[in-house]
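The structures come next, written out as structure tokens.
What follows is a pair of complexes built around subunit A, which joins subunit B in one and subunit C in the other.
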Partner chain A sequence: MEIDNPAPAAEVVPAIKTTKEKSQPRKHNEQRFTVRKPEWQYLHLRMIFDPPHPPAYTSPSYPPDLITWKTHLSSALNQFLGLSGTAIPIDFLHLQGPEVYIRIPREDATRFTAAISGWGCEFEGRSVGFRVLGSTEFLMGIVGGDGRDVFV
Partner chain B sequence: MTQLLNKLPHGAPDSKCYITCGTLFDIAGPETPNQRPYTTIRGHVFNQQVDLLLPDEVCELVQQRLDEELKPVQYHRIFMGLKDILEKEFYNHYIRQGNILLLSDGRIDVDDVYCLYDGTLYLFLRKETYEKAGLVGKQAAFGGRKKERWVIELNLREPHMVHGRKAFDRLVWSFTNVFKQQIAWLFCDLHQEAIHFSDTPSESAVKGLTLPTVLRTVVPTITRSANPIKLATFAHEIPTKQSSEYTRTVFYDWATSVYEWLALASINADRLNITDSVDPLLSRYEPPTDDNTPEHHEGNISKISWRGFIPAEYIAKIFSIVQEIVSKEHWYSITVHGFQNTPISWKGRQHSVVGGGMGGENLYTVLRFAGRDGNGNVEEEGGDDIMGGMDGTEDDAKGKIVGSKYIMWEVVGGRDEFS
Partner chain C sequence: MVRVKQRYLLFTILYPSGPQATSTSATTAPSKVTQSMTFHSPSPPNLNRTSLASIIRSSISHNFGDWGIGQCGGFAVKYFSPATSTGILRITRDNYRTLWAALTYIRELFGQPAVIKVIRISGTIRKAELEAVKVAEEAIRRVKRETKGLKSTGNLKDKKDVAGMFSGGKVAAQTATVADEDEEDDMVVDIVDSENDDGDEE
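Up next, the complex of A and B:
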């Protein structure tokens, strides 16, 4: 944990219910906790290009690397939110083709998504933008997909 | 503008994560099936993905035993209308006598979505459809985009729900004249060989349906990591009622970061690669470590994953097999993802998404810790438990019960009745 980030990581409601404890004595030795408002928000983003790249296309600038991501995201945040936008710390967790998993402080998530979804620029003759594929407070919630592909 | 945005409330209700710490006993008592995590596993009805993570050393053994003891589960994808499920042979064979799962495709906050389990059919409808349906329902717990959604609950196993009775004819009329749309459905027969061994061999065709179906078989895919990855440390104390606020906060931090690590491990994330040396400008992620040993442990892990329409009963089987095979020196974790657009997450709990196809997560993860064999630390009454150390040696009237510690995370989006 960062020392310069003194805000409590999670606002937590201890959910150890006394009534439950009585009906199910310590035999099971089970404890329950509830976590709300954790420290991070996780986003699954895709960089979209128009006109799109043909499938299996690669070049030095595609799929984009982390530096490109950082540059484009910063430019979007700067355009919409100025300095306070570029100050949002982004941790890149995983890069997969034109998609990326990132984590940002939860409090900044609303501003962040607003800034990046309204942004676009021209790059190598294609217009570039972002699409938010998933957003969650618990990373495990987006790594499984939404399951609609099972119906196809 | 920034100030304005800062004042905007989070548009959606928060998602929640329930953490349970407890012991998985070696010897199942009569009460065991009614305890967590078993109740969680059996109650989570519509599952689309199961991921089993475990150290690479035990992967082969587990894979072998799963092959031997578990038949692949089969399900169908059918393109049909609601009235087709009332076809006499299908209805009597699968719904009245048998036991099936049905789930229709659609976005839960905008479309009409239907599901069926334990013989009860749930229709989650838009207001317009509800008004035309001519069936009695009640307002749904979560309104969706237009704030007005309705749910009709029909127990099709009730004695009067048979062909020729008035109440039933009403259903037939409604399903034929109002619910005309043909949509994609998933169908799983719970009386198939993979779930109940004793049954007659499962048939590949769906009885009583003239429509074409697509039969699918859920076969596990195994991903063995080619390179070692950075491991997390699982040892931690869990707070008790007497613990200070500080201890709790540290625990929540630890628990969420272990969960984050498990998620990263399941997608084999770049940041866990041991050769990864990304600039702190791009990522400051570090796997959770022990205070005493700040260096990362390294190791190979494997993933066995199932995808499709997987009934809870099948997952319970996977869990019991894995729990039996993986010896106590090793950890394993099992994550089960539900369909995000399902109208029911856990049995009897309504579910919806926050909006725009997001915030519909409903999933759980059980992580069983590795224990030091033999000499576990003896717990004191009221003292802090040490996670990761072996064994719940809580004494019972009958004597010592041996088991291993587990931690379970259950995550639900902001619009879910589960708690």
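Up next, the complex of A and C:
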């Protein structure tokens, strides 16, 4: 993946010039960076309930708070991956109703997604599960928009 | 037809705190037992291939969950000798590191502090057996070296103790240690024979 503007992030490394690129004439002020192996994976998750809650329903336990999220995610990870799963660090970025935006190390993303998608439990008379609404290596990928306004 | 590749893990169990008081036949305090003999002491009698497998399985389950059991729950304890606390595990080649990690994470066996050390990874069980013999011989040599220093208080019956350590405690264990050359050599042959006998069962 290539971006034309130099991004401020630390994980952006300069691309290695290949012979192919050398042969092409390049403008003096043009700089290219290739982002290799980003550090994080951003996930957009929703907690799903069965039977579902009514649209405008709220209760002390309904839109689940971050502690509830953490508890359920840990339980899912512990079941599928054991202690090594609960060791995956989860950064909660934003909580919005029954949905949450989180950030995890990119290397753990596959295991993490596998663990939470296959999990379910019974909680306050409802079945609880997770749905992965989005998964991307860049935050812009899940917050929506084309990201053009960032570079204005 | 594709052949399923295996790995054989030769491991030894170390007991940092030595054998439990109940498991030793000698009720008198073994005051002259050397450090390495304490470390490589025999396993408790209730530790056999079956119970060891279930301990390892629970360690895998605890550390790596359902995924871990699915990946490397198919291991087999091919050989285990409580006398030398040495054993061989078989596991598919892709998963031996997970199993190795699970072994490393085991901290106690039957309430006794223990460390499982993987000595060698091998593609054939034969190489693992040969290494086990080599390790056992080296252990005896080391004990002999260490006991040289204690020779001044030499007791003729002491030699039995080293033999007891490495022959499943059948030889009555007395206080430590100095061993006669001839008896040591016999013992090495014993160990070599028993290793091969057990290994051939495959």
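Basically, the second predicted complex is superposed on the first by the 118 of 152 C-alpha atoms of A that agree within 3 Å, B and C clash if a C-alpha of one lies under 4 Å from a C-alpha of the other, contacts with A are read in each partner's own complex, and residues count from 1 in each chain.
Following the convention adopted for this analysis, contacts are C-beta pairs under 8 Å (C-beta built on N, C-alpha and C of every residue); 3 or more make two chains touch, one makes a residue touch a chain.
In this text the structure is predicted, and so the values were computed from the model without any measurement.
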Q.
Looking at A:78, would you say it contacts subunit B, subunit C, both, or neither? Reply first, second, both or neither.
A. second
Q: Tell me which partner A:91 touches in the superposition: subunit B (first), subunit C (second), both or neither.
A: first
(Q) According to the stated criteria, A:56 is in contact with first (subunit B), second (subunit C), both, or neither; which is it? (A) neither
Q: Would you mind checking which one, subunit B or subunit C, touches more residues on subunit A?
A: B
Q. What residues on subunit A does subunit C touch that subunit B touches too?
A. 80-82, 84-85, 111, 114
Q.
Looking at the complex, which residues from subunit B come into contact with subunit A?
A. 1-2, 5-6, 8, 10-11, 14-23, 35-36, 48-49, 51, 77, 105, 184, 186, 238-241, 248-249, 251-253, 255-256, 259-260, 262-264, 266-267, 269-271, 278, 281-285, 307-309, 335, 337-341, 357-361, 363, 365, 385, 392, 394, 396, 409, 411, 413
**Q.** In the complex with subunit A, residue positions of subunit C that touch it
**A.** 60-68
Q. In their complex, what parts of subunit A are in touch with subunit B?
A. 1-2, 8-10, 12, 14-16, 26-40, 66-67, 70, 80-82, 84-85, 89-96, 101, 103, 109-111, 114, 132, 134-148, 150-152
Q: Can you check the complex and tell me which residues of subunit A touch subunit C?
A: 77-85, 111, 114-115
